[in-house]
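Below you'll find the structures, each written out as structure tokens.
In what comes next, chain A is part of two complexes: it sits with chain B in the first one and with chain C in the second one.
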Partner chain A sequence: MNRTLNVCLIILLLVSVTTGCWNLREPDQLAFIIAAGLDLNDEGQLEIASQIAVPAALSGGENGGGGGGGKKSFVVVSGTGKNVMDAGQNLQAQLPRILFYAHRQTILIGERLAKNGVGSLTDMFIRNPKSEMRSSILVVKGGLAKDVLSVEPTFDPYISTILVREQIAVGMKPYYYRQFLSDALSQAMQPLLPAVALTPGNRYRYAGSAILNKDDNLKLVGYLNAKESAYANWIIGRQTGLSITAPVSPGNEELSLNAKSLSKKLQVDLQDQPRITVMLKGAGIITENNTSLNPTKNNDLKRIEKELSQATQEAVQALVDKVQKQYNTDIFGFGEFIHREYPNRWKTLRPKWNAMFPRLRITVKVELKCKDPGQTNSAIDSML
Partner chain B sequence: MKLTRIQLFWIVATIEIVMAVWLRISPAITTARQDAWLSMLAGGLMGFAITFLVVHLSMLHPNESLAEFSQKLLGRWLGKLAILPYLTAWFILAGDVLRTFADFVHLILLDSTPVWIIMLLMVTLMIYMTLNGGLSGIGRFCEIAGPITVAALIVSFLLNLFNIEWHYIKPFYADSGWRAIAEASYPPASFFGESFMLLVIVSYLDKPRKAMSASLLGVAASVIFVFASTVMVLLVFGPNVAAKLRFPYFMLVRTIDIFNFIQNLDIFVIFIWVFGVFAKMSFYLFLTSSEMARSARIANWRKLVWFSAPLIFVIATVIPNENTIELLQKLWRLIVIPVCAIGIPLILWIVTLVRKEPTNA
Partner chain C sequence: MNVGKSVKENELLFRNLFQHCSDIQFRELTINGGTKLLLIYVDGMIDTDVMTTNVLKPLLYDGLPQGLGTIDSIAQMCDLGLFAVMQSEKLTDCSEIEDRIMKGNAAILADGEDCAVLLNCTKFETRGIEESSNEAALRGSRESFTELLRTNTTMLRRIVSTSNLKMESVEVGRLTKTEVVISYIEGIAPANVVNEIRSRIHRIRLDAVLESSYIEESIEDTHYSPFPQMVITERPDIVSAGLMKGKVAVLTNGTPNVILAPMTFWVGLQAPDDFYERFLFASMNRWIRYIFSVFSILFPSIYIALTNYHPEMVPPKLMLSITGLREASPFPTIIEIFLMEFMFEALREAGIRLPKQIGPLVSIVGALVIGEAAVRAGIISAPIVIVVSAAGISSFVIPMYRFSFPFRMLRFPLLILSGLFGLFGIALGIIAILIHLIGLTPFGTPYLTPVTPIDLGKIKNILLRWPRKLVSANPSENGADRT
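Moving on, here comes the complex of A and B:
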């Protein structure tokens, strides 16, 4: 009798405890934030825009039509506030479901806010226990984050997924929030964020990257275009693939190489004026050849490789000069490299690094290899 | 109630890994930066030394626990007095762990559940475990929970391999220096030094002569996994970010993202972590109850569970905030480890040697 009573009590306890009903949070009571956009509005207030998934619109699936057809797969709501969570309260006022942060994939920063500095806004994205650091972070060039979030994408239902995939598609490794934070807290690495822009047709476009200055409240310093960003990421080690097109003599006609397996090596000569040599290597397949050269022949191949390397070397050198002279920020992590490899020397260099960086003598060497001439030998039009 | 050597190994490993991985990584990184892994190894060495001392001492007194041989060596009253700091330390430790566990679950999972309910559920379970299973029950549970915890750690490391950035761990030594590395090694050492509970547990072993290898291996396993977690945290977040995180290992698990498909695995890890916390709490409930019973010569230690369990619960409840938890951990490192893990065992060991002398002569 006593035993039966005990068992009953235990079952009762288990039923009331294991269901977790007092802490109930069903998916249909949640608003899944999949992207967050941070802007400064015309009054100079912080404005947060959130892209929220509308699951009902997805249920129609690829068959089209059905119950969900025609419905947008997301909504964008925005609100102003003193900080991110304060604005979040404002968003919540427009939504009948509780905001849920754990599925956020992308954080966008509008240009005006970036110019004003984002240093004070980084805390929430890691402090909030529901938040995480898997998000990718981008800057919106010449526009508002809110507007990019409203773009209706072509393939996927959400722009946030696309912005991550876009980074992979242009050959770079996606830039995640944790890397951004690590760069921003590092001793000498200035954050280089991927950038997107709005096109007139209300589409998005990968626009290269944005340089923030971590020594000045993470204010926007300037942009690099898509090509320059690829070179910069190559030097940093975040680029996996790159398509290089350059004129090759004789005739200066274009030839394209799809370079994979990019690698970099830095060499530092630490005299009183440090010299840095950047050695970039890449190998790939020739994908387009409008020259009269035949890449299956050894001599021609050598010439192609040499001239491609030469042209790329000049382009990368120009980028490095531009960053040194115009932007004056160490986005390549040269300082961090010295810090890692020559830590004792770095201690004396560190205080004056920002002043030294524009005057550093940096030499770029590029070595490209054509592993494979592609499917044809000499160019088709030369036979016509 | 007899323990096998394998059970002893898993008890030591489980109860040490479970808190050290959670709480000791980011303090070490804050002080020693990217060289924190060295601090973990140095701390491990201190843990080894403490373990060697206490197990050696226990093996000189086979089948007697701390409460008994301290009375034998120091006399009845002094012996009883000697046990007091231990009981205090274990009660505080248990209360502290219970509160940390409940706060974390409250923060991450059950944010609208009062913390005391989470603690009450845990206390109920550990009373059941300790009363029904006793030490062998806890030992058997550790034989299951330990390997699962270790497996979860290994899986979480493997799934994070894609997130590794090797340069985060450089430069070696130059940024921190031996002073910072040594300073950072003491907090983890104080957690590895928790093995002074072996003063009691060795007496329960079925073959006490083999206690040394099992204990040292248990500590070694803890050191290896805490070390590996530290290295992984450093490689994925870098020292700057890792130093800012309160629970860097947990964040490491949340960072897992394989093909945009395998993500949000933190919930599994919390589950597994709760196993370990449960093992640890039950173990300390047993330890305090049985040692009080042995010290006061009460035949039935189970009665004392009804004193220990509420006391642990009360200690956990009265801790007002995070600041106090840190204060308690400081107390643990600055007083408990020097007194309970080094001071008293050394005195007891010397007395043992001195007393042996006449019989040998």
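Moving on, here comes the complex of A and C:
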């Protein structure tokens, strides 16, 4: 009895070993893809560029044994193909190690490809179980993804990790692939992707946002500059901090407010012509004051807050108008908001939403508060 | 065989018995105008002062003790209790007399009497009570048990001053005739456990009992568990605390190591300091031990599973630097870990019995050769050294040295499993270990109580060492519901 049990156990063990389910991979058999770039080359073919880590260069010469100090910490390999995996096979042919997708930090989309539409390429990134859903996704403004990947960044060894941090540094929540996907699959939200651009000194620069139209194969519609995309993200709810500089009377000298705890509230008035009110709130610290006002005095503070809010409100209103009239895409998720609040009305609104959006009456109200006048009261030069 | 009436015959008898035993002394005396007495004892095992002043002098100079009328024989003296020593008895059987002499009694045989009087005036050189070197505590009694059973029982009796503290004596071992004392507190220790331990000790058939481990091995439930089923300690405070919680102590003559049974898993992770230190600090220390004991058993295998099977679970930066450090090393990760683990165990084993003067040498060679040189030469990758030494050091966190053995040993099967099947293998291994632990019931007490079978009232004592005010002050209550 005991003997047969043992034999059974051993056979069971052998089965699991001998079926070829043997996915042991030493880390040095893997080529870690840390960023992928999607481009359309001059022949109109899909070209995938992958930034692949060279770990030996990271560990430093001393302990790595053979690792060289002068080695570059990554290589960019590119290959063409019919789709992403097909191009991946092409990449694999150039590398002695197995491609490993799960540490991919960033997906970059070149402008030409974005204009051509990326809707047909999104499948692999979610279907492939080895793929990483938490990659951040960006559009390269006026350039090829391949070129951005080759940039050697200042602090980190890889540009891919830098691009995530850049988004945090400018005050927005990093835009990950899963967010992109949920936007693209939602009923009315149009994806707003962060964008980078190459600068002449072979460096990158955060270049605002790119608007894709999901009703048209995710084609690139246009760009928002950095300031506009900060306002747009504020309305969407993806902005965590914002530095606002505006002239304040008298004298129209500049005053800066570093606003944190940004919040937004939407109100919809569903008449025959829906009317949407966007209420934006923010509070922060005065970080620079070149005016003659003294923020520790109540009257001055009120005036600063009022004028800052006024100036911001105008800027946001301008952005909303631009998006409505020029781009005609609902990147703010107003439709999605109506869908959630009034699901019944949405059923009738949905088919004509795209036509309705440019004609919506949208009012923006901004309310900024100065919680803290900073470490001093009036401007230094007025005390001199 | 019984002793005869003639002193001459008896002397011959015992001289035959103790042939070639140079340490047995025969001393002939003559008293009361002619009666021959024969004194037999083991040289160096009796208190000669007591013997001379309290036994020999009265017998030789005064004839008989004064004021008691005539006494005919030394047997009568013994019956009347007239020997000024603590214990005396009258025996006739030869082998019994031999036993007593061996234990340090002095035998007196008189001409014309067919019995021997055995006087207990044992005294021999022993080690004094010293500080425990293996079980150090920052606070609390410094005393540790000695090799002498009597001293050990005294220490317990001094702490637990109640007549309910029972000390049942059993003699074990055909040749060594080692005295073993089963100690428990009546009313607190569950009767079935006491009976079980008593009957198991009575069933021991061994020639020699040199150490309490002989007893432990003979009475343990299973030999094939890596986990110890009894606490072995040389601290009287641990034993008496155990007794008061309803445990049974087994003291063995000739060794300072006392058995405390039955043991639970959690006791192995408790230190005496837990109970002497303030409760917040003690509770934190306890959790550090829990965490690091798990860490010591799992860390190397989890490292293997994560780097070789699930690299996507490691943060990208960490994964890349691990890969970078591995680039130059010639062996697969699992081989590297095994090499280093074996080396670590060798260092540990080598360090134990080395003389104090060359002890530091091992650590120098270990640190330099294995730590530095192997990494520099690119034979072993640096993360492996970190993993193995971190796991090794955390196994030293376990206060009871022998309780860290299972954690060390089980690391190896887990390594193999994780090398073969990744995290899946580790899960299998942990399940197997847990099945074993749950099935383990030394002396009828589940090893993992009170966690499983769950006892909500007591589980809080595992989580924290609560202030005594908040825990029931009456230990007998704790003992009663144990049965």
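The rule is simple: the second predicted complex is superposed on the first by the 353 of 384 C-alpha atoms of A that agree within 3 Å, B and C clash if a C-alpha of one lies under 4 Å from a C-alpha of the other, contacts with A are read in each partner's own complex, and residues count from 1 in each chain.
Note that a residue touches a chain if its C-beta (ideal position, glycine included) is under 8 Å from a C-beta of that chain, and two chains touch if they have at least 3 such contacts.
Keep in mind that this is a model prediction, so the values were computed, not measured.
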First, second, both or neither for A:S182, with chain B first and chain C second: first
Which superposed partner A:M133 touches (first chain B, second chain C, both, neither): first
Chain B versus chain C as contact partner of A:G251, first or second or both or neither: neither
Which superposed partner A:R340 touches (first chain B, second chain C, both, neither): first
Which superposed partner A:G142 touches (first chain B, second chain C, both, neither): neither
Touching partner for A:A57 - first (chain B), second (chain C), both, neither: second
Set intersection of chain A contacts, chain C complex versus chain B complex: 17, 23, 102, 132, 161
Residues of chain A defined as touching chain B within the complex: 17, 20, 22-23, 102, 126, 129, 132-134, 161, 164, 178-179, 181-182, 185-186, 336, 339-341, 343-344, 346-347
Chain A contact footprint on chain C (complex, rising order): 307-309, 311-312, 316-317, 319-329, 332-333, 375-378, 382, 419-422
Residue ranges of chain A touching chain C (in the complex, touch as defined): 16-17, 23-28, 30, 32, 34, 53, 55-59, 62-67, 100, 102-103, 105, 130, 132, 161
Complex contact set, residues of chain B against chain A: 107-113, 121, 165, 167-168, 170-171, 173-175, 236-238, 240-241, 244-245, 251, 254-255, 257, 260, 263-264
